[in-house]
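Everything below concerns the one structure shown next.
Letters are used for the chains, namely A, B, C, D, E, F, G and H, taken in the order the chains are written, and counting of residues starts over at 1 for each.
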Amino acid sequence: MSGKVLMKGNEALAEAAVRAGCRFFFGYPITPQNEIPEYMSGRLPEVGGQFIQAESELAAINMVYGAGGAGARAMTSSSSPGVSLKQEGISYMAAAEVPGVIVNMVRGGPGLGGIQPAQSDYFQATRGGGHGDYRTIVFGPATVQEMVDVVGKAFELADKYRTPVVILGDGMLGQMMEPVVLPEPIDPASLPPKAWATTGTGGRRPPVVINSLYLDAAECEAMNRRLQAKYREICAREQMAEIAFPDSEYFVAAYGTTARICRMAIQEARARGHRVGLLRPVTLWPFPAEAFETVIGRAKGFLTVEMSLGQMVEDVRLVVAGRAPVSFYGRTGGVVPSSDEILIEIEKMVEGGGSM
Amino acid sequence: MSGKVLMKGNEALAEAAVRAGCRFFFGYPITPQNEIPEYMSGRLPEVGGQFIQAESELAAINMVYGAGGAGARAMTSSSSPGVSLKQEGISYMAAAEVPGVIVNMVRGGPGLGGIQPAQSDYFQATRGGGHGDYRTIVFGPATVQEMVDVVGKAFELADKYRTPVVILGDGMLGQMMEPVVLPEPIDPASLPPKAWATTGTGGRRPPVVINSLYLDAAECEAMNRRLQAKYREICAREQMAEIAFPDSEYFVAAYGTTARICRMAIQEARARGHRVGLLRPVTLWPFPAEAFETVIGRAKGFLTVEMSLGQMVEDVRLVVAGRAPVSFYGRTGGVVPSSDEILIEIEKMVEGGGSM
Amino acid sequence: MTSRDTERPLGAEVVYERPRALADVVTHYCPGCTHGIAHRLVAEVLDELDVAGRAIGVASVGCSVLAYKYFNVDMQQAAHGRAPAVATGIKRVHPEAVVFTYQGDGDLAAIGTAEIIHAAMRGENLTVIFINNAIFGMTGGQMAPTTLVAQKTTTTPRGRDPARAGYPIRVCEMVSVLDGAGYVARAALSSPSNIARAKKAVRKAFESQLGGYGLGLVELLSSCNVNWGMSPGDALRWIETDMIPVYPLGVFKDRSEAGAEAARMEVAG
Amino acid sequence: MTSRDTERPLGAEVVYERPRALADVVTHYCPGCTHGIAHRLVAEVLDELDVAGRAIGVASVGCSVLAYKYFNVDMQQAAHGRAPAVATGIKRVHPEAVVFTYQGDGDLAAIGTAEIIHAAMRGENLTVIFINNAIFGMTGGQMAPTTLVAQKTTTTPRGRDPARAGYPIRVCEMVSVLDGAGYVARAALSSPSNIARAKKAVRKAFESQLGGYGLGLVELLSSCNVNWGMSPGDALRWIETDMIPVYPLGVFKDRSEAGAEAARMEVAG
Amino acid sequence: MKGLVFFDEDRCKGCGLCVPVCPKDVIRMADRINVRGYPPAEAVEPERCTGCGLCARMCPDTVIRVYRQTPARAGKG
Amino acid sequence: MKGLVFFDEDRCKGCGLCVPVCPKDVIRMADRINVRGYPPAEAVEPERCTGCGLCARMCPDTVIRVYRQTPARAGKG
Amino acid sequence: MRLAVIMAGFGGQGVMSMGQLLAYAGMFEGKEVTWLPSYGPEMRGGTANCTVIVSDEPVASPVETKPDACIIMNRPSLDRFEGAVVPGGLLVINTSLCDKPASRGDLRVVALPATDLAAELGDVRVANMVALGAFLAVEPVVQAASVVDALKKALPAHRQNLIPLNERALALGAETARAQLTA
Amino acid sequence: MRLAVIMAGFGGQGVMSMGQLLAYAGMFEGKEVTWLPSYGPEMRGGTANCTVIVSDEPVASPVETKPDACIIMNRPSLDRFEGAVVPGGLLVINTSLCDKPASRGDLRVVALPATDLAAELGDVRVANMVALGAFLAVEPVVQAASVVDALKKALPAHRQNLIPLNERALALGAETARAQLTA
């Protein structure tokens, strides 16, 4: 298995970012993602990059805004309470069309909560915890390898669409080790130039401006229409999902860590003769509605499982729109559901206990 | 019309808060809600209260957390970007079960956006822009009088359920003047005592603690289950909505300022012979699902109109769950839709142009 | 002298007993961590001034996050950095209460910089216990704004390089510039004599509140032997050899000394 | 001398012409607002140092929010208070660029307190133009942290009462405590002679960046005649009679003066 | 020393700040209104102008340009 | 002057900070392990203790109580 | 009855308070009213305006893109609002600060030098009341007396002495308007 | 083949690195592996533990509430994890720091004084390798040689001299375990 290395999720993510051409990292410590800034503090100077431990999450996201606006691939990472503090900044990035990657290794909330893994920031990530009509692309990787893979994709899409991209992990994904194959490093100098970025005019061109202020309502709406057109394009092109056992009658919808556990439960359920499949969104926004459409014709029921008390289930319900029962099972606050618990819920669904 | 006074929305709201027993206001200026802190800065000292212009919105919400935890009726107000900055604090209040009222006079977003009225912070308010599985009660008043009325209700429910309550207005509601009847003032000293509040033990009782940290995942989940039980109770008891022309075949769903304009359009549509009614949520969370259920049997279609590019429409779709077509019309960034535009959309709906 | 005698010997004079304002629990602090000493000093002062019954404490986010379990007084746990704002809210509601925050150098001097400066600017009658251990203890030893030049932390693996990560921030010097600061002092928890001085400073910082002189802030140079990678004893020595030269001890401001009622601010309440 | 001659008279020596780094548009500032003077000084210095082509400015939120339309250089508009963080991000990406922020007293001394302190702490090689007009101009005249005691604003309708609203914050005095601050000075835009001194200070603050001495900050005492409720001329006089006594003019720190390369920080880049 | 002072009248906001700073009392506010609705500053007896530049330094709106005709060159101007 | 020093052994975290501060070398770390898994501090030759209290002042975990038998009262104790 | 009027002018011309007085007066007469200002920094030096709606029924929306009437206190306001008025609607124009005549032919127009008339009364600041008087003479949506009542409520004690002047201004405006209409 | 093992002990006993070495070794042998630590401040002074899963198929979940085996390095860990092991599963107990015997009768138990044995080898820090050797002797989920390979990869150049000691520790553990099983 040459090329494989055993890495902690947080460190693999950080190394993948460096290989994706990220040279600027701005962060503020918070458990359970400290290995990301710690790794970056050692690694970035080696590749001519810069690491700053910012004075706060607010400062960090605004440094990303500055660096991203200046044309660089920049990243920040945090966990739940820290990500709440970044919402104004993310809204600014979305509005000013500044690319950048924001990692949230979700922990139990609300409030100070706990530090164990959770998925209860789904609403915040997919609906925009900040103000205004904006969205961010959101990835919900399920393995350390997938985390590495989506990091590259995140930087690519951030630049392509000039938009902030969120990677929604959780404490478990960040802390666990798994073998990964790391991608070939990209030299940031080889990336296409960004004519819109602030670099100094050099006296050779008119000034560029990175801005989100539109005092005239019609202009502000026009900015929004531009964003919405972009979002429609993203929805059309960038949905990612995995379907295991697509010919099933019942489906469990889950992402990230939870999806791994659901997979175990599904294996057991199938062993017991139930025709159950897994529908695993990889992009949480755009929500992979198309994947749902491919199975909805024959689906007799959906069970959404989350480490939250019911967030992604709304997206499932919105897609299913009454065409099949949708039930929900969730644990929260850092409790990871067991495959046995999920198996019980699967059997309830199969026996018709699913609620709309 | 004795007892009526002509007041600006922001000032009426502020005076209503004082009359509801609010003695502590912590805010940071931002257009279009500056009249609230300005009014409070003059008024609160008159009634033995305290006004602080905080150093930021973050400080302001955390002062509310302190004052609310100490047992007082406390309030803060802001507008979109400022409210994004309060999300961590609101999540803390929800988790630590600290009552308080947060006003958002929404303006065009995202980013710095503009200062004209908008409704594009609906997701943030109703889904929790902060981290974790929490909700806040959210009111979406449509007139200056209703704003006055919900302020009293907001403080009452905040105390009753020990939860933060959000009032979602917009620049127009804050800036316009309308005649209002103000309620009789409540003397805060007459309110029931709060045994859970920090007041000093006086050496007579064990210490009380206001806290949201639960390092043990099971305890953190237990805190969440407690919150969810409360939220279920709120959903069961506190939904508020208005239905105009309940015997209609088609319904326009809209709240706040937009609902006023929809009402004009509906009058015109009915004059043209269309059987169209208005379904106006007053509580945005809990979303008034029960009101929808009363009409859904005969409803041939719903049109959701918002000053956003589609946020509350998700709640409408979740309630309707495929039982009728749901279409959407929105303006954003500070543009207020005209009744003519809405009329056109109503006619589209009636003619079957509504999309799911 | 076995550990089981919990009775006070008859007729003996008490030199030291556990202060009543400290809850009777074992803390989660690492062995030798001076957070424990700072807690004790605060509790002793609350007892001596006889104000525990009207004290309301604000725990911050850092190793001392669980402080709400350790003081025998009403407590609010505050979001990271926001303790001075939370305390302000409490104090305005209960002007007669004795309100204090207990904050680390990450909490107070990084994310909470604006809150402490503005509580001082407003002259809030609060007491701030500021634990400067030159590191983020709770999260596992990252750089703090107070980390010394060349000090190794998990985010300055080659030592703090001022060209990239800046210079240690001197909170007392900065806060004492503000007119609303009533008492500002720095002490060290590194030896019995320094601890005795620290206690005096803590007491003064509470008296500043009681006298209505404005914000009382005591910076306590503390150890984090675990994240410094030292023995508890070596950590105390490092405070004296390495920290004190960068963070000189002393009283930076004392409005009560200006004597005269003139210096006295009206109690904001 | 009609307003239509835009040509330079042949053979005449230029005493004053519009600086090239200033965009040729009419600003939205109120008549007599000294924001316009501050803009001009910055542009003149950019021209004189011949760095407009490598300048990147950061506009903040306040009356000067539209500064991105007024300077003839690349600009980023920053969230309220965060300009120093945004500028830090830019400067680290383009260490050879000349990066400056332009911030009001609400932006820099209220919501953005942590960001300015920490940019100074890090010794970021940035230039900060800080407009102290003792008020929140943009939002209609609320109290700023720099509002004078007894000054009436829309949120201190009876005049700023220190017992409730605190004391004016002196930014230069506070920032100059930090080792990473390279140049810190206060000047006033109240008269031609003060403006001449202000320009020197602005130039020094840019030179501090170019020389790698760390953060260069110039506080400019400015007028907001509209929200002060004064005529433009009276507002300038009020700066001199009321503001300067509270905010003394002068250079608070100049690391380049310490001469020697010793004082020079490595350019963080 | 002879000064030449020019006002870009349509930029002027009529704030009047340039008037008192002129040591030669060259400037006054005009009676008319410019395109922006403000009474612009204008030079009276411009020949008194020494080209000291104080007015331009004071003007917040870069309305004013000032030149100096050096005695030697004055004739060639 | 006679001191009395008590160690609440199960609170002790074995940090050893009390040991070097005792001017009378009364304190040492025990060989055993307490309920928390730490070797606790203990008094050797407690009669040497003067009751100065330095050890208690140094202890981060309020393990130590110190009393003083004033000479006059010593007999009555 | 439902009448929507937009009032517009420079910041200092008192258009906001003119609108508030009309709304107050409507309220005193038991009518439903709303007052909606333009707001924000663009006001600075530019034009300010407000919309007042007086109606027998609850006012659905305070926004009116097709007002029944406009009171135009300066030239930029004419440019901005003339086109919005409904056909047959009313334009009151302060010719003292608006050198251009109305260009639409389908409107009722009252053009009077409100500022000059106010100056003649001794205080240019009552130009707004002159214009309001003219407006009410043509669209008597409220009694002028109610406006005076509103003024009594609105003015602090030490300003009550201004009431006679304002009454004269209202009357002068009404007179001038009537003269024009009958002419 | 799929085997889940939890390793638990005091912070300083090297349980985390023991787990990582096992995972590494599995990876070298082409197996699928995951390693999951407990984390957070509660570790401070308390017990640390990690879960390693070695499998022929991709590992669904890194969490295992019913491990096939536990390596117990101290007493609190026995109290916490004994109950979790699947019936018929394996318990390796370091008796040097765990004075209590296993209480369940349905488990295979290897009890050895790993810390004392390590001390005899000259360094208590290899107690973890003694225990790992014992574990692998009973559950040969990977070759001991792969663990040594992993160690070679993991140790920095200046620590490679420790390899023989670790090899001896592995072997000693294995020997002791085999003796117990055959006994």
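Rule of thumb we're sticking to: a residue touches a chain if its C-beta (ideal position, glycine included) is under 8 Å from a C-beta of that chain, and two chains touch if they have at least 3 such contacts.
Fair warning: this is a prediction, and the values are worked out from it, not measured in the lab.
Least step count on the touch graph, chain B to chain F: 2. Across all inter-chain contacts, the pair with the most C-beta pairs is A-B.
Chain centres here are means of the Cα atoms, and by that rule the chain farthest away from chain B is F.
Distance from the centre of chain A peaks at E, each centre being the average of the chain's Cα atoms. Inter-chain centre distance (chain A to chain F, centres taken as mean C-alpha positions): 56 Å. The distance from the centre of chain C to the centre of chain D, with each centre set as the mean of the Cα atoms, comes to 35 Å. Work out the mean CA point of chain A and of chain E, and you get 60 Å between them. Of all residues in chain A, those touching 2 or more other chains are 31, 50, 52, 55-56, 58, 81, 88, 92, 96, 112, 115-116, 211-213, 215, 336, listed in ascending order. Residue positions 40-42, 45 of chain H are each in touch with at least two other chains. Shared contact sites, meaning residues of chain E that touch two or more other chains, fall at 13, 36. Chain B meets chain D in the complex at residues 28-31, 34, 37-38, 41-42, 45, 50-53, 55-57, 81, 112.
Remark: chain C residues 61, 65, 77, 79-81, 106, 110-111, 113, 136, 138-140, 142-143, 145, 154-158, 164-165 touch chain A in the complex. Across the interface of their complex, chain D is touched by residues 24, 26, 50, 52, 54-56, 58-60, 62-72, 74, 88-89, 92, 96, 198-204, 207-213 of chain A. Considering their complex, residues 20, 23-24, 27-28, 30, 32-37, 39-41, 59-63, 65 of chain H touch chain A.
By the touch rule above, chain A contacts chain H in their complex via residues 1, 4, 6, 31-32, 115-116, 171-172, 175-179, 257, 260-261, 263-264, 267, 336, 338-339.
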